[in-house]
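Below: one structure, written as structure tokens.
Which chain is which? They are A, B, C, D, E and F, in the order written, and residues in each are numbered from 1.
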């Protein structure tokens, strides 16, 4: 692959597109604190700082690792149809402030109308939140040091390759699968890793006999608001332009969350007799997850259908962990893995060429089953890769430094045992 | 009216304008969680989730209803000078990703330089927050099921027509009244509905003898910050462009909030001896409400004057509910109805053609009384329509399923009785 | 100086640039509530509202003063190489919605491609947060009335001139020092004022013997998230365009915060045995402070180095107040003064002409020591001016109305004594 | 002297306080507590799972009183706190050997 | 009648409650408290400064009981609350002169 | 054995704890409570309305002690907690029949 600098230049820099992606990068960055509070509200108060810290620390560590090495492994060798990038952009070398074209203009390529460094920074915010999603499944018992090592290794060995496959013209993209903003790269990927760690860690002391209700639903709802808001940047920003596709993606994102809230609450109401606020929050997030791969590719009432089904489905998927008795504490599997799988595959049904000429029509729009098959292949490939790799990485860390805090530290809580702090000192 | 598709196309898509409205839509969406916390901090903790849920649920239900039917009722038949839209855009049919011109190019029309779907999504965020504003007057005693039915019906029968009158070239627009971002459509409208429901519901148990102080002013201030921030999108986004009018609107919005905070606190300080944080928050919101209709139409020191007077006036308007002994729990009347009326009418005084050529000069700028009269007519029309309709809708719901929770549920609180949850489980 | 209106017009209005600065203004506005929570979480709960109020009140008072007089004192007489602006823009006279050129096109000038009123509003958000930064050093004991007077006078007598020196082509800019987004104007300036007031006020009752741990670290982390997010607008918005420099500034901002978190936590972990969440938050903010002057001027790995060193350095600087036993309650000196000094001076080392042609290369890039010397001069000048002026203003206020609340009010807390409110009434 | 301790429903606190004030009580100390009793708890939902909360919020009041006033004060509390529904709570009386008012050092009956 | 008061570790609350229920206790009242004792506190960090928290979270339980049941109940609590590690807490018993059930006005043993 | 209960001003807690430690007390349990007394409450504002808060924050301390130590401990508390201003609080003493240390099962004086 030629260096970026040797490729044809990018499109002319467009200030409107740049304005939107600047903002989108800030919005996605804001999602990680949002996630911290979304999860943080659900844990017991003695583990709140542990949860917040894991999320905020991802903003520190993963940003730096992204620049040093992971961006290059993900987006180097753009469009090579391969498994992983290269070292061209290590240390953000050649990540210039002008526009560039990445890839092979005759094959898979990306011609930017925004500064290259902005593209790389925008992608950085994805690389931060994806590993942070995992913290939901490991809540209340993962050692901080083990967490630090895990996400560092996982970013390089799992996230970067998967991002290459899908976002950077790697083998899955070349085969013909699509993922607008990360249904597979972000949600299936993190969901599978969450499952792996939940299995390795074992259950929280007392689970499932002892109820462990959320210590502060207002925090969870705050996080939900921040996530929903930020997701505008996540999905509509992925258009890398302020155009009709971005507009459709923004609309789809908002309405899928709305519909998913209704889907979740309806089933909850029927099954349990009440519509809960945690259900509203969880449903909205489930819809946001499911629409992520589809955001710039579907139109009409599709986002409402996708959202509504995702809400109902993810609610029902809560039963999986109870059935198989693994303690995915805050339901990363039910929301991110199931939601991500559903959305990625649903794209094979609902994709609409008229909305985005880059994609063929899905099955329900008369486009045949090719896309659907590719979507399934991509979903399964990412799931399998992430699960196996995460189990392996987790296992090694467990053997070397131990994944789980001691019994006593778990009883005392992560806040005191891992960080020598307490969340609240009111009064 | 011809279909959008048959009208002359819109302006060329402008990426800068699109970038700003994408962002503005996200900002306005973020206001509803902001409102949830603004109100949520003021209720007693046993009713906190009830309040948060009502606001978040509006984001679910009203989004979907907007797409299915309300957008079409509001913006169909654009510029017809009539009472309500049509069914052209039901299910977002023909809500395309390209720009369009709505209305009659020889009469009232809107020629977009942004994707039509973005315009519709942006307006969706207004349709979500407006009914949500009502929850302030009904706090602590409105049944969740009754709330759900009320906002659904109200969106279709009240919000959609009023939006048509004012925003979509309906009869009030045709007469010559102006409303930049929703002084009448949003604030008078919701304020009158809030009054109606407060009257129908009756007082909270114990009001006014028992003090019911805010359970968490930090939440209220958080909501204030979120609202103030989001209001940039609400008002400056209503320019539908990133231009001088948007810039003026943004500035006017911020400075009116500032001045209103000073106005409120000054009167409070004189009357009660202290400047309170709740006063700072409430004053800022009062200013934001009052500047909403004026934002892109006034200049110079007008926004400071409008804001300052609004702050003082809304503080004094708090006395209304005490005088007439209706329990508008969180002062929707004093802040939104009074603030909205004041701002809408003040526009007749302060409007400045030099700032925005679409509007004639107001009375204080030598423009005569025509505009002023139209502003009063529009304000009164919206107030009367919303009040009567809301009373009717609320009364029917009361007869059929009951508006108010049982005494016992009210004592226990909405969180447990309506949602089987508690907000805080700290410790 | 000719009036703006008499100068050559600005560049053509660019909707993309305007979109970004609209958003950036909203982002910076959102930082002040963020700061309120960042600080608010650290105080004891009886002083929480006092802290929140001081920050929110700055949004009211300083906005209005900015319009009435301070903007003109800062940006009038643009490019005169002088000490203070003039009265040309008093009351925002001639602050038009079109673009303008400020200054002398043959000397120091600013040719806007965004509406002038947007530039003035954007700068307003800086003028609000800078004095608000000071509240960290005066926590828990500053009288509200004294605060009000102090920030009003300080805005006019300290902030406006310093902004003129640096941002408006005043003497420091003319000499050849640079400050991308306010390392000197904002952080050194506020940090020195914070030091001055801490010295004048004396120590909180019980400090340092009695531990005064943060009452709510979640609030502090929420504030951190809001600040980090808003800082995108603070630094990248200072490009006043959506271009490559803005993109680089955004990236530099995010990554410096990341690296600084790592720097702070590493030293903390080594020294105290744990990485704390407050450390993560404080480190990130230290990095944001330090990168502020450099944001649009450095590239490559420089932002990582600057951030990392800033994090470690500011952590170590916490010892200063313990060594000299002054009670800078929430470490405005260690974070803002030290971080601002470091960043301003580091620019003399790391500045890169290839990133931004406006600046010469720094020492480490082979640019010689001129820039470095100018950076030191500017840093020292602002520090000295602010310290002396703040001491003087504070002293006068102390003599006239008293800076500090009574012993009893301090014991009761600011919330009740100053605002007749309590933050939390849960249960 | 006696110490009267009462567990009452939180929303009755104001009534009880007012009644005590009227009956001449000059002081009391209250604590937010949680009670377990015949009243049973309630069910809450958490993502598709139901669980029972056994402990309900109650307020615990302590009133120091002259022995002579005890009967009257107990009656006042019982009357003001009664709703007639399960969970109204208990009142109990224990004997106190000594009371000191910190401010003045006054003792026993003078200290109340 | 007697009042049994126990200070226990918070995470033992469920166990103790269940044990009491099994042993036939029909009610109890609990309070979140903080304890200072031999267990010592722990160290926390605040921006480079260490400080010690002397008070640790504990739960205080109050159980009114017939005099005849006291021994059994104390045993049940002690057994259920014991971890064997320092800081397990105390149980103490005081005498109660009178108990009233607010709802019914029942007295003493009937009121428990 | 005796149980000494004290209601003190919150900001005096540290002083009292230190004084007790110095006087050799090995343990105590504290609760955040609210007190109503001669001190009166304070006025708060809520959107143009004034209301009075009758209950002020106080700290309740419980110290189990050998009968022989009671006088000394009461004195220590009273002295450390006194500001001389209204609202300083009360100390009272009740008799305890039995004390058990949960960890060891030790009884009475040994258990304290």
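Heads up, the rule we're going with is that contacts are C-beta pairs under 8 Å (C-beta built on N, C-alpha and C of every residue); 3 or more make two chains touch, one makes a residue touch a chain.
Note that the structure is a prediction, hence the values are computed from the model and not measured.
Number of steps on the shortest path from chain C to chain F, with steps defined by chain touch: 1. Of all chains in the assembly, those touching chain C and also chain D are A, B, E, F. Distance between chain A and chain F, defined via averaged C-alpha coordinates, is recorded as 52 Å. If each chain is reduced to the centroid of its CA atoms, chain B and chain D end up 46 Å from each other. Contacts with at least two other chains are made by residues 31-32, 44-46, 53, 94-95 of chain D. Contact of a single residue of chain A with at least two other chains is seen at positions 14-17, 19-20, 23, 213-214, 222, 226, 242, 272, 274, 276, 278, 419-422, 424, 427. If you check the complex, the residues on chain B that touch chain D are 210, 411, 416, 419-422. Chain contact summary for the complex, chain F toward chain B: residues 44-52.
By the touch criterion given at the top, residues 11, 14, 42-46, 53 of chain D touch chain B in their complex.
On the chain A side of its complex with chain C, the touching residues are 13-20, 22-23, 25-26, 29-30, 32-34, 36-37, 40, 48-49, 52-53, 56-57, 59-64, 67, 91-92, 96-98, 114-115, 117-118, 120-121, 124-125, 144, 219, 222, 226, 242, 418-427. Touching chain D in their complex are the following residues of chain A: 208, 211, 213-214, 268, 271-272, 274, 276, 278-279, 282, 315, 318-319, 322, 331.
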